[in-house]
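Going by the order they are written in, the chains are A, B and C; count residues from 1 in each one.
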C-alpha cells in the first residue's frame, strides 16, 4: 500500500517534469571535474549535438566516482583519466573497450615564495622529495580522482610511502580539483593539478606553475562505452555514436580547437598505439 | 421541539483527575422549564460539572442520562467563558455550526442571517469574527449555539470576561433565548447575575452538590451553612 | 553573466524555482495533512512519530541525497524509472528533505490551535477529520510561513541535488549547484553574485508572504 502511494507520487513527479525533456534524445556521460570545469565540454558538445541531435548530459565527478557510477549502470559512457583504473573497469566487464582520446599534462602548482625551492625544476620526483624534506604544505585531492591517483603514483615512484610518511604538512582535502586549488591558494600550499583546470581557474592568489614538462606528468584521457550486457538500458547506439565522433577527425579537431588565452588545453591522440 | 431529551439525570456522578476528586457523587435531576444556575465559589467544580453534562468529559464513576428521547447531540449546545471564534466571517461561524449539525446547505445561510439579526450582529455578518469586540464575540457565540435550535443550552460563565455593558447585552440575549423555549443551564460566581437570571440554584462546594433551592429562598434563607457563608462573603 | 541576465542564468533560476516549488507543493500536500493528523489524532506510536519527524528536520541533505541516489540508481530498487540525474530526482530528494519540516512544524502550530479549539469543536459535534480540516484552514496564515520555510530550505540546499541531479549543464544545474561549481572553478565573484540572486529570490518571496500574512491577519484576526 505504502509502496503504491510512493510509486504514484513518483510517477506524478515524473509526469510533471517530463513535459520539458520529453522528446529529447540524450546520453549520460560520467566524466571528470577536469574536463567539465576546464570548459572543454561546453566547447565540444554543442558541435556533436548539432550534428546528431543527441544531447550529452555530463555528470562530472572524480575518475574513481565516475567509474563507480558507471558500474551501477547510471551512465552510458565514461570519459576519464586514469588508465590503469579504466583498464580494470574494462577487465571487470563493465566497459567494452577503452579508446584513447586526448592528453594534457599535470603541473605542480605552488606559492611564488616557494619554501621548498623547487621552481623551474623538470624532475617531478625530486620536487616531491624536496617538498617532503621541507615539510612544506601540500594539498592532496584525496578523492580517488584521476589526479589523485596520478599524485599517489608519483609519490610512490619518488620512493616515498606517503601513507606512512605524511605529516601535518600533507593536507588531504577529499574534494574536487577546484576546491583543492582554492585550499592551496588560501594556505599557500603546493598542489598537483591538471593543466586545463589550472588555466581556467580564477582564484590563483599567489600560486604559479613551478614544475612542468616531466614525462611522468603525462595525463591521458580515455573513453569507454558501458557494457550493455551488464546494464540492459545502456543506450549503446547513441553512446557509440558519441565515442565514434570523439575519436573521429571532427571530434579531435574540436578538442584541439579549445583554447584559453591562446593556450591549447588538450591534445588529441585518438588511434595512437599505447596511448 | 419533538421528543424532549430532558430531564437530565445525574446519579452519583463523580469525576477525578490524577487522584484528585473534582466532582463528588452528585445526584440530581434537571428538568425542563426553570432556568438552572450552578453557583459556587471558584474551584467548586462548576465548569467541570457542566462539561460532564454536555458530554465533553466522561465521568469517572456514576452516570449521566438524558431521560427523554435518544440522545441527540444537536439538541444541546454550549457557550464557553472564552468563545472560540473560527478565523472566518461572523456569518461563516454560524454556518459552520449548522453544517456540522447536518442542516441542509440552502437553509444554513438563511438561518444564520436570521439569528445574526436576532442578536443584533446583522451589520457585522461579513466581518471576520476574530476582529469583533469581546461582547460581540460572546453574542456571536450565543448566536452560533442558538442557531442550532437546542433544547438545552449550557452557558459557562458567559459574562465573566465582559465589561458591564456587554454583560448586560448578553443577559438580555439569554432571556430572549429562554423565551424561545430553550432550557438554560448556566454557571456563575456572580450573585447579582444569579439573582437576575435564575429560577433555581444548584449550589456547588468543593465538588459536592450542597443545596438545591428556588432562587427566592436561596437568597433569603440558604439551607446550607456553605451557601450561607458564600452569600455573606460575596455580598458586601 | 549576472548583469546581462543571459538566457543561461534565467534558465538556471527558473529550474531552481520549478524544482523547489514542485517539491514544496508535494511536501505540503503530504505534510500538512500529516501534521494535522498527528496533532488531532491519538494513536499508538504518536510520540515516537513526533520525535522522529523533529529529528528528521535536521536530516543532512547529503544523506537524503545519497539515499535517493541509491534508490534511483539503475542498480537500486527504483532504477527502472530511469530518473536519476533528472529534475524529477531532485524533486524527490527535496521533497524528502522538507516533508519532515512541513509536517513537524505544522503539527506544532495545529496542536496549539487544537488546545484552544478542542472543546468548542467537539461541542459543535466535529469529529477528528472535520476538526483537522477546520484547524488546517484556521491556521492557514502560520502554515504559509511554514511552507515558505520549506521552500527556502529546498531552494537553498545543495548537498542532495548535486548528488541526485549530477549538476548537468542545462538539465539539472540549479542556483546552488551552479554556485558550488563556480566556487570550484575559483570564480568567487560569480559564485557570490549567484548567491546574491538566490538570496534576493528567497527574500522577495518571504517579504511578499509576510506582507500578505500581515494584511490577512489584520482582516481576519
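Note that in this section a residue touches a chain if its C-beta (ideal position, glycine included) is under 8 Å from a C-beta of that chain, and two chains touch if they have at least 3 such contacts.
Because the structure is predicted, anything quoted here is derived from the model rather than measured.
Any chain bridging chain A and chain C, meaning touching each of them, is missing here; the list is empty. Ranked by how close its mean Cα position lies to the mean of all protein Cα atoms, the top chain is C. The leading chain pair by number of C-beta pairs in contact is A-C. Each chain gets a centre from the mean of its Cα atoms; for chain A and chain C, those two points are 34 Å apart.
The mean-CA centres of chain B and chain C are about 45 angstrom from one another, to the nearest whole unit.
Between chain A and chain B, the centres computed from C-alpha atoms are 79 Å apart.
The set of chain A residues touching two or more other chains is empty. For chain B, the set of residues touching two or more other chains is empty.
If you check the complex, the residues on chain C that touch chain A are 18, 22, 26, 30, 73-76, 78-79, 81-88, 91-92, 95, 166-169, 171-172, 181, 183-188. The touching residues of chain A, when paired with chain C in their complex, are 9-10, 12-14, 16-18, 20-21, 26, 28, 33, 36-37, 41-42, 55, 57-60, 72-74, 176-179, 181-182, 185, 197, 200-204, 231, 233.
Chain contact summary for the complex, chain B toward chain C: residues 51, 54, 56, 73-74, 77-78, 80, 83-88, 96-97, 100-101, 128-131, 144.
Across the interface of their complex, chain B is touched by residues 116-117, 119-126, 130, 134, 137-138, 140, 219-221 of chain C.
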